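Heads up, the next two complexes both have chain A, just with different partners, chain B and then chain C.
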Partner chain A sequence: MFNYNFRWNQALNSLPDMLEGALVTMEIAILSMVIGITVAILLTLFRLSGNRILYAIATTWVEIARNTPALFQIYMVHFGLGGFGIHLSPYMSLLIGIAFNNAGYLTENFRGALKAIPETQTRAARSLGMSPLQAFQNVILPQMLRISFLPMTNQMVWAILMTSLGAVVAMNTDLYGVTSELNARTFRTFELFAIAAVIFYLITKAITLSARLLAARLFRY
Partner chain B sequence: MIEIQNVHKSFGALQVLKGINLTVAKGEVLTVIGGSGSGKSTLLTCINGLEQIDSGRILVDGVEVHAKSTDLNKLREKIGIVFQQWNAFPHLTVLENVMLAQIKVLKRSKSDAEAEAVRQLNHVGLADKLKVYPSRLSGGQQQRMAIARALAMSPDYMLFDEVTSALDPQLVGEVLDTLRMLASEGMTMICVTHEMKFAREVSDRVAFFHKGVMAEIAAPEELFGAPKDPELQKFLAATH
Partner chain C sequence: MFDTALTAKDLVFLAQGAGMTLFVTAISVFFGTIMGIIFGVIRYQIGPWWAAPLTFVLDVFRSIPLLIQLVLANAFVTTVLGLRVSGFTVACSVLSLYTAAYCSEIVRGGIEAVPPTLRRAARSLGMTWGQDMTYVVLPLATRVALPSWIGLALGVMKDSALVYIVQVVELLKSTQTLITRLQEPLFLLMICGLFYFLISFPIARFGGYLEKRWSND
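Now for the complex of A and B:
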């Protein structure tokens, strides 16, 4: 173990490639959040619709997303759908897998947030003549998103970290994938993964910090 | 005109309205008094269709509120309601609170909605609070904002459900003054209230509810001066 020679210079030469991988990682995380939030809002509406089939769809989604490993979810998108003749690229499989997971967790967060909004808000909106959908969109949704802001930030951090699960679908352009390929070529395992870990850390810190700043700007009430 | 014809309403086994008959004419101010649980709030929420009824009819300008074919959102445009619990939209400024439904429901332009909101907020004495979030308002100011929000929809009828009950005593006056102003301007109003002095002053008629029945209805001098119903006599004795 102690005859390992650190060669940081060599590893640092790979930094540009890794940073490019980091960009792909961030891109996937951001897209997966945009999709995840959109789907979670839709699933929340399903739950509120009073329609049993829609409710069952939402509940099933949430249960699977939260009670099975994210790795399985990504694997299933790639190889499971592949069995049905739907062949997605590693990038798409990873993106959809993470978005699926995000949507499940966020729907559950939204449910908690809705409980914190008094029933009288909907009543007030409805008595001003708003339709149920208008009341949701203009009165409930903004408050729900505000209450869920911290959990959404956490989910975003998770999304960043989950990109490393792209390994199971041979994803090789994200931060983990790039690092792992460099490692296979150079065997500078410790240096490469240490650098990757630092980059992951910096990204997630940047997210939590900017989320805090954004919250201060967005929520002045 | 609001016509309430033999309206029955239950929550499960609990009969809350037991055959209410009542007509409120254009320009009339009706106050409703009565003990807690007598069905006053339920009646108001039935009038704007927030609650279903079991039997009977409620007509607003001849339109049956609970008919399948009735567009409730349309109907609610002309019936403003303000509740006991303050329900400002917390994520919107005072001005935005009053603009929202104008834009979404009445499809007014942003500038029209803003002009109307400013006008109504002026009217209720909140001209200096336009850019403030509701959390910064006192209870009395929140209620006046809610009144402005309802008035901005240009309603023909206003329903008030104990709008001063949740307020600190020193804030009650400012809200009652707003209601008095509306009454003097000829707004058709149904006010559920515990403020007997107010009821006596502003009402054309006062209705007394007891256990889901409208036990007495009369002009204020008569109802307060010479109450006939024994329950009303007890109620008035207890509130003095």
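Now for the complex of A and C:
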């Protein structure tokens, strides 16, 4: 049927290399999520602070992250900052780019979650004598994180998928980078990328599944 | 303070890239939406069990990086099937399917948001399935689905930056080409980013407005 000799063996031989790449991919995704969530909480605080400048910073961050391609953001971190004389390794550029993107989207998710928490709770906490920060930390934040757990899972999947964009900054240790480097050596494009696709699929499924289990465990009433 | 080697010709080159971005997006969103509506209705109509294979296939498009989908599709069509197909066609097909995968989810959500009692009432008034769909479900589901759909369309526009991998010169690729030649990364990237932002931001705002305006509470 096909005039093409599939050589799966050759491609499968490089599976260990690709799995190692998959580990790097997961590492970047997890780190970027941790940074992203931290920054997003900070930006949410900026938004709630009532300070105009802080609010503007948060809004600018969110709008840029959401209205430009992730590929552009990563490119900007690598080559744009290079224009200022800040030269980052591909790994760092990719990590910062994805974390920037995550933070923007997560801040927006948090905003949606905050809407679901009645404002009276803040007032109740304040009248109990909590400081604004205490009220946020002990009353609002836990609920906010719980409500936005599902969007966070989605964002985690996005982070995994976004690591493939490291190609644009010559990243060669993540799953996509390893695959395209192997491809440059062997030219078994279809086989190699098919395997990479399967690995990506399994990773994303593992994440959604474990998130679901975690949610069932954490948010049991 | 400000001088640049950017000429009018280069700007035209950038504009062509921008045009390509919009063109690819328009085609993909158009076909993707049509397919998405069809898939979404089918998935809703035949129930989760029978739709499982379709759901699986559509889910694959959402679980694999678009970049890999593009490389894979390109390799499959050109080397495995041995067809002479332009990168543009491959890019549009993959992006359309990618759009369809997300769109079917939105459509399904929209249909599910219509109260079943309302539909039963419509059917008991003697409306056919088609009438029920067009006069009851369509207007109500659109309200729920349109804001998400706008978000999806913008997402596709941003994701279309990835089609450079199949030799389609869109905005980001043309910017890259100019950067290589002019060595002014920051300035050129600003232009490129500004373009994406100026298209995406107002439409996203409009989507947010619709969402607020059309919500029932």
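Please note the rule applied: the second predicted complex is superposed on the first by the 219 of 221 C-alpha atoms of A that agree within 3 Å, B and C clash if a C-alpha of one lies under 4 Å from a C-alpha of the other, contacts with A are read in each partner's own complex, and residues count from 1 in each chain.
We take it that a contact is a pair of C-beta atoms (placed from the backbone, for glycine too) under 8 Å apart; a residue touches a chain by one contact, two chains touch by 3 or more.
These numbers come from a predicted model, not from an experiment.
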Could you classify chain B and chain C on chain A, in the superposed arrangement, as clash or fit?
fit
Determine, under the contact definition given at the top, whether A:Arg220 touches first (chain B), second (chain C), both, or neither.
first
Which holds for A:Ser131: it touches chain B only (first), chain C only (second), both, or neither?
first
Tell me which of chain B and chain C touches more residues of chain A.
C
First, second, both or neither for A:Asn9, with chain B first and chain C second
neither
Smallest Cα to Cα distance in angstrom from chain B to chain C after superposition equals 20
Residues of chain A defined as touching chain B within the complex:
118, 120-121, 123-131, 134, 138-139, 142-143, 146, 219-221
So in the complex, which bits of chain A are touching chain C?
2-4, 63-64, 66-72, 75-76, 79-80, 82-84, 157, 161-165, 167, 176, 179-180, 189-190, 193-194, 196-197, 200-201, 204-205
Contact footprint of chain A on chain C as seen in their complex:
60, 63-69, 71-72, 75-76, 79-82, 154, 158-159, 161-162, 165, 172, 176, 179, 184-187, 189, 192-193, 196-197, 200-201, 204
Which residues, counting only chain B, touch chain A once they are in their complex?
48, 50, 73-74, 76-77, 79-81, 83, 85, 87, 89-92, 100-101, 104-106, 133-135, 146, 149-150, 153
